[in-house]
Amino acid sequence: MWLWFSKLGSPKWFYELSGKWLPWLIATMILFLVIGATWALLYVPQDYQQGLTNRIMYVHVPVASLSLSFFPLMAVAGTITLVWKMKLADMVVKVAAPLGAWFTALALASGSIWGVDTWGTWWIWDGRLTSLLLQLFLLLGIISLRSALEDSDAAARACALLSIVGCINVVVIKYSVDWWNTLHQPGTTFGMSSDQPNGPEFWIPLLIMGIAVALFFTVSLILATRNEILERERRSQWVQELVQE
Amino acid sequence: MKPHRRKRLGIILFIAAGLSVSVGLILYAMSQNIDLFYTPTQVAEGEAEVGQRIRIGGMVKEGSYESAEDSLQVRFETTDYVNSVPIYFEGILPDLFREGQGIVAEGTVDAEGIFQASRVLAKHDENYMSQEVKAALDAAGATPENHQLSPQPES
Amino acid sequence: MTPATVDTPGQDIGTDASQSLTSAVMLDGTDLFCERDDRILFEQLNFTVSEGQVLQIKGSNGSGKTTLLHILCGLNDSYQGSIRWYGQAIETQAEEFYGALLYIGHRVGVNKVLTPLENLRWTCSLQQQVSDTELYRALAEVGLRGFEESQCFTLSAGQQQRASLARLLISDARLWVLDEPFTTLDAGGLSLLEGLLRSHADAGGAVIVTTHHDLRVADLQQMTLG
Amino acid sequence: MNKQRTSTGQAFWATLQRDLLIAYKRKNDMANPFMFFLIVASLFPIGISPDPERLAEIAAGVLWISALLASLLAMDNLYRADYEDGSLEQLLLSPHPLYFLVLAKNIAHWLVSGLPVVLVSPLIAYMLNLPSESYMILFVTLLLGTPVFSLLGSIGVALTVGLGSRGLILAVITLPMSVPVLIAGTLAIEQTSNGASLSGFLAILGAMLLASISVAPLASGAALRISVN
């Protein structure tokens, strides 16, 4: 187990392993994305109230739920960076921040498009929206701290620390804005039979889209990490050999 | 015990004590009414003071919607299927506003028990149904619980 | 125990004075490696400092002298290798180590708006209790009599350096780590500091110092970085 | 020559006294955040409307935001001088737990930058036409909330102390983290005037204060080590 852990920390090992996985991951992602998107856009029945607008759910829900996973991910990777000084973990913290910012921005944008039709407003200072907006600000803060610190080692640890502090803060912000103002719907529980609300004809495409977006997230994270590995290890022998080929 | 061990233990205890007291305070705060979000029943029972700025959440009662011909004034009742509170509002309602739909209104309760809303927002519920299913459910006399707004804001 | 001097490629380390066999090894580093911004500052670096010894570290600008001192003091932990205090890892006895360590950096730790007296009082109080008489005596000894109560921004750089060096007179720390302590001192200051180093070593203390100044002390080791 | 070691408590007091002494000798640094608070708070009536009723509505928010910005402005000199003159290295090399030394610096900093703002807030509240029954709530909530600003800001400033230009990045890092306190503080004033439970809000602010006293100095200490490294 420990061997596996330290092996995983080696950028070279990760690069080679992820290189083997990537084609499969990308293929699965495209498959799920095509099926999910076609189903969601063309075949999901219209909602009895929202009509076609409802279909933005198939983008918004997967993206928004994934964007909540960035801070925990970065906090875990940051802890590993601080405690074990694993370079790979720092690379994950580094590439996850901009990716998280994009996901959060997309969640906000898709939610806002949905909101204009259902709530009657593009933006509202609701608990979930506000906490997601503040999460975006915190991520942007981490990105700008990284770019401001010249020393890569100091930047790695500073961002790791800020990710951990930020993760705690996202939780506190979430609770504080929740009792501040709430409009967003609660989470939906899905029914198993098609003659109930939230039947399979709604949630199966959502599940497929969820898997597709999660795969997209994984693939982007791996690709960005691979980029970062090449960038940082550009002077090492194995990267030189790779370039030669 | 070595002195530095004792010191470290001291810090840990200090921090743990601080954190546990703060958790206790949060639990206490949760037991207090701090968010001023009321259900129609709470308003009907007079829990909200007159003139106090609150938010009320409930469903628009079927058949209660009336609007003026020449102005934006509307009147409807909001209900949690136990009690209803009449709401008076002047302004543009959101597209999703319709009878049987969940809403959140901000405003004050006046002396006659009418809620003077300064803002009405449609709260779309967490249930999705195709139009056919909805029709089938209605035909079968579905209970309102299926699309009842949760009485408390999510937390 | 690793010997004090190891011939390593790229590292020119040599001893000028024989090492006393009887005294205990205070601080030793084994196989130290440090890399900064893709540049290797030093690798396979070994050293030992025993009681009564002065270790002088030389090297050109940017050769990593200050980084090495930071590593020895635990201010910097981005290195590989092991550093031990009386044969044991520092983390296991941090309080003993930091109680016995006196570090004066390149930036001497003298606040500009405070007076030498107030500065000295605070830095000393981080380690040990001192009385005002001791503080006054130490400041007088480093040549700051009459300046005890003037704010440090009115003093010259050399005087500020002397204010920081007054700690050497008060502290009972066994290990002194000094980063370029001679730079701003005048001739009087030089011989004063040299005298302090000598008497500290004679009393069984150890000194690690970066300087290009020729030190005249009994048990001197030299190490050149870069 | 074996000398008596200082206890952690003595090192804590020495650090607190030193920082207060420095603040006393640099009265400008002490006065600036205070002046800033007064000026920012008085910009709102000028910028929005001098109408007493509208002012009364926004007064709580204006006071809290001004206090937050004033605290942010004051943060910068918490560790900067120490970083530049090497005192920070001495602090980190002390045998005493860094947690308490950082806490001492944070307390000293709040006493000179946060407390004056709290003390003058009822006066500004009067000028902004805040309903008089809210004065006490404002005062108490600011008293509980501004130390949290200092403790959280300390983490941000410790992370950025080595940077040449840190003003804006400090704001970008610190301001979002301060939002929960801002919400609790302004809601406390607004909602209690509507009849909500005051003790609930005070409990929340107290919880935030205790939690940040417990955790923030640890993070600040770690951040200082990173910055000196």
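Order of writing sets the labels: A, B, C and D. Residues in every chain begin at 1.
As a convention for this text, contacts are C-beta pairs under 8 Å (C-beta built on N, C-alpha and C of every residue); 3 or more make two chains touch, one makes a residue touch a chain.
Note that this is a predicted model, so its numbers are computed, not measured.
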Of all other chains, the one whose Cα centre sits farthest from subunit A = C
Remark   = Between C-D and A-C, more C-beta pairs in contact link C-D
Message = Based only on mean CA positions, could you tell me how far subunit C sits from subunit D in angstrom?
response = 37
Inquiry  = With centres defined as the mean C-alpha position, give me the subunit A-subunit C separation in Å.
reply    = 49
Ask   = How many angstrom between the C-alpha centroids of subunit B and subunit A?
value = 30
Ask   = Which parts of subunit C, given as residue numbers and ranges, touch two or more other chains?
value = 78, 94-95
Key: Where subunit B touches two or more other chains at once, by residue number   = 7, 34-35
Per-residue multi-chain contacts in subunit D, two or more chains = 187, 208, 215, 229
Message = Residue numbers of subunit D touching subunit A in their complex, please.
response = 155, 159-160, 162-163, 166, 169, 172-173, 175-177, 179-180, 183-184, 187, 208, 215, 219, 222-223, 226-227, 229
Message = Residue numbers of subunit B touching subunit D in their complex, please.
response = 7-8, 11, 14-16, 18-19, 21-26, 28-29, 31-36, 49, 52-54
Inquiry  = Which stretch or stretches of subunit C touch subunit A in the complex?
reply    = 36-38, 78
Note = subunit C partner, complex, touching residues on subunit A are 85, 151-153, 235
Query = Tell me, which parts of subunit C touch subunit D in their complex?
reply = 70, 73-78, 94-95, 97-99, 101, 103, 105-114, 118, 121-123, 125-130, 151, 172
